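Next up, some structures in structure tokens.
Next, two complexes with chain A in common: one pairs it with chain B, the other with chain C.
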Partner chain A sequence: MPGKDVETDNVREEIRQYILAEFLPGESASNLRDDTPLRTGGILDSVSTLAVVDFIEKRYGIEVEAHEAGVENFDSIALIAAFVESKKTLV
Partner chain B sequence: MSVGDVRDTLAPVHLSDYLATSASRFPDRLAAIDPDGTSLTYRELDEQASRIAGFLAEQGVRAGDRVGLVLPKSTAALAAVFGIMQARAAYVPVDWTGPAERLRTILKDCQVRALFLDSSRPELADTAETVIWLGEDRNTSFPPPIFSWDLALQHLPQVVDTSARQPDDLAYILYTSGSTGIPKGVMLTHRNAMRYVDWCSEVFVPSENDRFSSHAPFHFDLSILDIYVPIKHGASVHLIPDELGKSPKDLARFIADRQLTVWYSTPAILGMLAEFGDLDRQDYSQLRLVLFAGEVFPVKQLRRLTSRWPRPAYYNLYGPTETNVCTFARISTPIPEERTEPYPIGWPCSHCAALVVDSDGSAVAVGEEGLLYISGPSVFSGYWNRPKESSAAFLQHNGARWYNTGDVVKQGGDAGFLYVGRRDRMVKRRGYRIELDEIESCLYRHPAIKGAAVVSVPSAESGVRIVSYLAAAENTRPSIVELKGFCNKHLPSYMNPDIFVLVDSLPRTSTNKVDYQALRRTFASGKNSSAIAR
Partner chain C sequence: MDLELTEEQQRLQNAAVEFARAELNDDVIRRDREEVFSFEGWKKCAHFGALGLPVPCEYGGMGVGITDVIAVMEGLGYGARDQGLLFSINAHLWTNTLPILTYGTEEQKKKYLPRLCNGELIGANGASEPDAGSDIFAMRTRAERRGDCYVLNGTKMFVSNAPIANLFVVYATLDARLGSMGITAFVIERDTPGLNVTRAMEKMGLRTSPMAEITLEDCRVPVTARLGREGRGVGVFESSMEWERGCILANYLGVMKRQLESCIDYVRKRKQFGQPIGKFQSVANRVVDMKVRLDTCRPLVYRIGWLKAQSKSAASEAAVAKLYVAQSLIASCQDAIQIFGGYGYMVEQGLERDLRDAMASTIYSGTSEIQRNLIAKGLGL
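Right, the complex of A and B next:
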């Protein structure tokens, strides 16, 4: 489904811009790749992950359970975008 | 076990005596409970601790030895704490999520004789002669001597030899950020903690019916109240793991479900609960005390919290790790709409005396600022293996030893002392102490960095933000992503700078020192890199 890929790209880009603006001011977008480790790479900690959770909940109208906000879903932009997509499909 | 009955008749000498006494008074009452529901009665907790003590003694752990704890919070970890003390050793709790190198430095610094570990940090198994492994997933390929927790629990309970114990024996060591780049170990004796716990008894009047939160990790000094006050009084300790502690909605539900009566944490956590916890959805009628410490509570957030939770009594507790809590203020609610200035840290607790002196060393008058010094039986004995820094921390005055907190306070009249700030390079973030110099010395270890200057700037959302200005070596330009990752490997997450700014060179004063004032001014002006870089 090409439409869905475009959508995923958009989600990735929006998350990238959000993380760059909030947690990596001054960094160029090319250094924050889809697979750059966020939690394990020290870019997000547990507190800043809360802010990302808040951002995607509001932006995409989804609800994130506490147990879902760990490394398995939030360690890279690709993972977060996939997680958002899976949540949106459920709705 | 009849051991507890014998000890019950004696005045407590060590913190572990609190457990023995409560185990004989309330053997079947709930002592501690994990979030997953695993719980221990007082009899069970005391028995586990005694067996651990016996096992440690058999492994050669002797009075005064240090035993490390690299564990997430659990009832087993709590039993280990008491077991270590019953073996007359001192426990050294460390942040099990911290960078391996930092943890190694700490465990090596105080030469732990034994170590409690689980599958979260297997790589640290070689830092002690004896390792006790918690959990079923013990990797049998580790070199001996690694023993399973279950094996340790099969040991016969240790009968404590009370004859040689003293209140001034070392109870635990808490490591805090050190300005040299190496964390320093604050040594606290049983007397230091017990005099503080006695004060808590006097002011908070706990009973066996209380249910205490245990939010802070064991390596954080807030845990001293969380653990020993309830155990002394036969109340229950409700252990909250890191993950739950950071999810406001779950945490709020937990407090209501468990019907906690006493809450203690940093203001950051309470502020988060007030903002995101949906506190008006649950019943908090059991909550009678809300205590906070570690940093200044922004009044706006405190007002929000007290309007959601109008019933409990609120206390602001103040004290560096070195003194335990030493001043306190009761906050009367509701908080007036017009109030904007932060609450004072109040007056000294009954176990402490305070002195506020100006730069000449003379006491200041009401309304004036000065450095706060604290004296009393809860004040620490010194830094582990750092005689120079230990003696430099104290002032001899009127025949007593006064600890220089480094905090500037104002004599505020009736309300007691008002916290003003610091004159050195220590900041507090999420309740943790951070020496900015420790971050700098970490950054200097990066091969592409030739100059590093770290400053803190005020932030409306998070209290402070940490900004690091970096000059890179020729022809290199490390990415911010890479720098964050580098800090993450060497520093705890609360010390990882929020903002990195690359500059050609750092501004210097006329005496060729890094001009931190200029950096702060540049940051405030919002011009950042361009202003300094070129």
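Right, the complex of A and C next:
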């Protein structure tokens, strides 16, 4: 399903741009890889994770439950994008 | 960004100065000494519109924009000697009224906002705890969902307005394991069984603004008392802090301007060694420092209004302003006392009260240390 891959790529890129703009000003996009640890790497703390949650809820029309915002879904751009895709599938 | 007030903003600010001078300065020395809150002043502020400045007219407020609010607050700070009363207004506005306006349901807004604006209700905010101050999201107050209700248990510390408030915004965690995603905000009325104002707290400054500890013991509130979504209390809290950090500082611009003007007047008139003391460089330099601080603080505060008027985040900018204005205010209070010498040290002059009031500014709404953390975070550090 090439269409879905393209969509996932877009989601990853949008999340990357959001994190760079909000939490890593001046950082090169190439230094924020899909698998760069966000929570465990100290880029996102609990409050900035909430900002990311707000961003993806508004951007993709999904709803994130409190128990879903942990490391398992928010520790990398790849994980967040996969989470967004799984939520969008349910909509 | 234009720092010049519009004609309308200048008119509002002038009205605030005149109102504060005429109505808010009675008996401040005694009330400060005896820790007396002015209910009369509160009602006058409600009548003037100060309690509902940013609230839309349909909910009983003035419906003015953020920069207009800052202009009015600067005017109140300039005209009023009772900084405690202004502090209570700020607590009421930014940590209670505005969260209800921003995150409340239509039912909550209609129920509470008109009465918060007309002075009938006094708002307070319970966030800090005995073991959760700067580390606010480590709070232990629990909210347990039971059917159509939540049951809250815990203790809230340093609750401004608590002894006089009849409406509290309280933060509690649904599950400590969820961290900040477990924190949820609630609107709780004073007479709710289980909510108790347990211990009034005496302060160094801002003594006309009462403060207390509150406890929640099996405090049962309906689901309709929740403010915003479950687990989104951090957003409510951060939003209220951003507003408070910006707008409370506007009062201090007024205080610093008032002090500067009175110091200029004093050093021109006061003569020692055969000439006005303002002719001595060591005295003049203090006045110059006060002027430089005021002129550098003002754009920082108005920048918050400028950003928020465009619906942009001002988190980092509010932290910069809070950090710098608070330390500038304290330095200028000290300079004013030194310039007035023995007279400045006397209670009747009011400058020692200004300093005591100012000392809290590096502590509340996030300490200066926390503001530095926020700024560092904004730099991606």
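Keep in mind that, in the parts below, the second predicted complex is superposed on the first by the 91 of 91 C-alpha atoms of A that agree within 3 Å, B and C clash if a C-alpha of one lies under 4 Å from a C-alpha of the other, contacts with A are read in each partner's own complex, and residues count from 1 in each chain.
Following the convention adopted for this analysis, a contact is a pair of C-beta atoms (placed from the backbone, for glycine too) under 8 Å apart; a residue touches a chain by one contact, two chains touch by 3 or more.
Values in this document were obtained by computation on a predicted structure and should not be read as measured data.
In the superposition on chain A, contact of A:A66 is made with both chain B and chain C. Of the two partner chains, both chain B and chain C are touched by A:L50. In the superposed pair of complexes, A:T36 makes contact with chain B only, with no contact to chain C.
Legend: residue contacts after superposition of the two complexes on their common chain; A:A78 is shown touching neither chain B nor chain C. With both structures placed on the common chain, the touch criterion links A:E27 to chain B and to chain C. Residues common to the contacts of chain A with chain B and with chain C across the two structures: 23-27, 45-47, 50, 54, 66, 69-70.
Against chain C, in their complex, chain A makes its touches with residues 23-27, 45-50, 53-54, 65-67, 69-70. Chain A contributes residues 23-28, 31-32, 36-37, 40-43, 45-47, 50, 54, 66, 69-70 to its touches with chain B in the complex. Looking at the complex, you find that chain B touches chain A at residues 242-244, 246-250, 272, 276, 430, 462, 479-482, 484-489, 493-494, 496, 498-502, 528-529.
Interface residues of chain C, counted against chain A in their complex, comprise 137, 174-175, 178-182, 230-232, 234-235, 238, 377-380.
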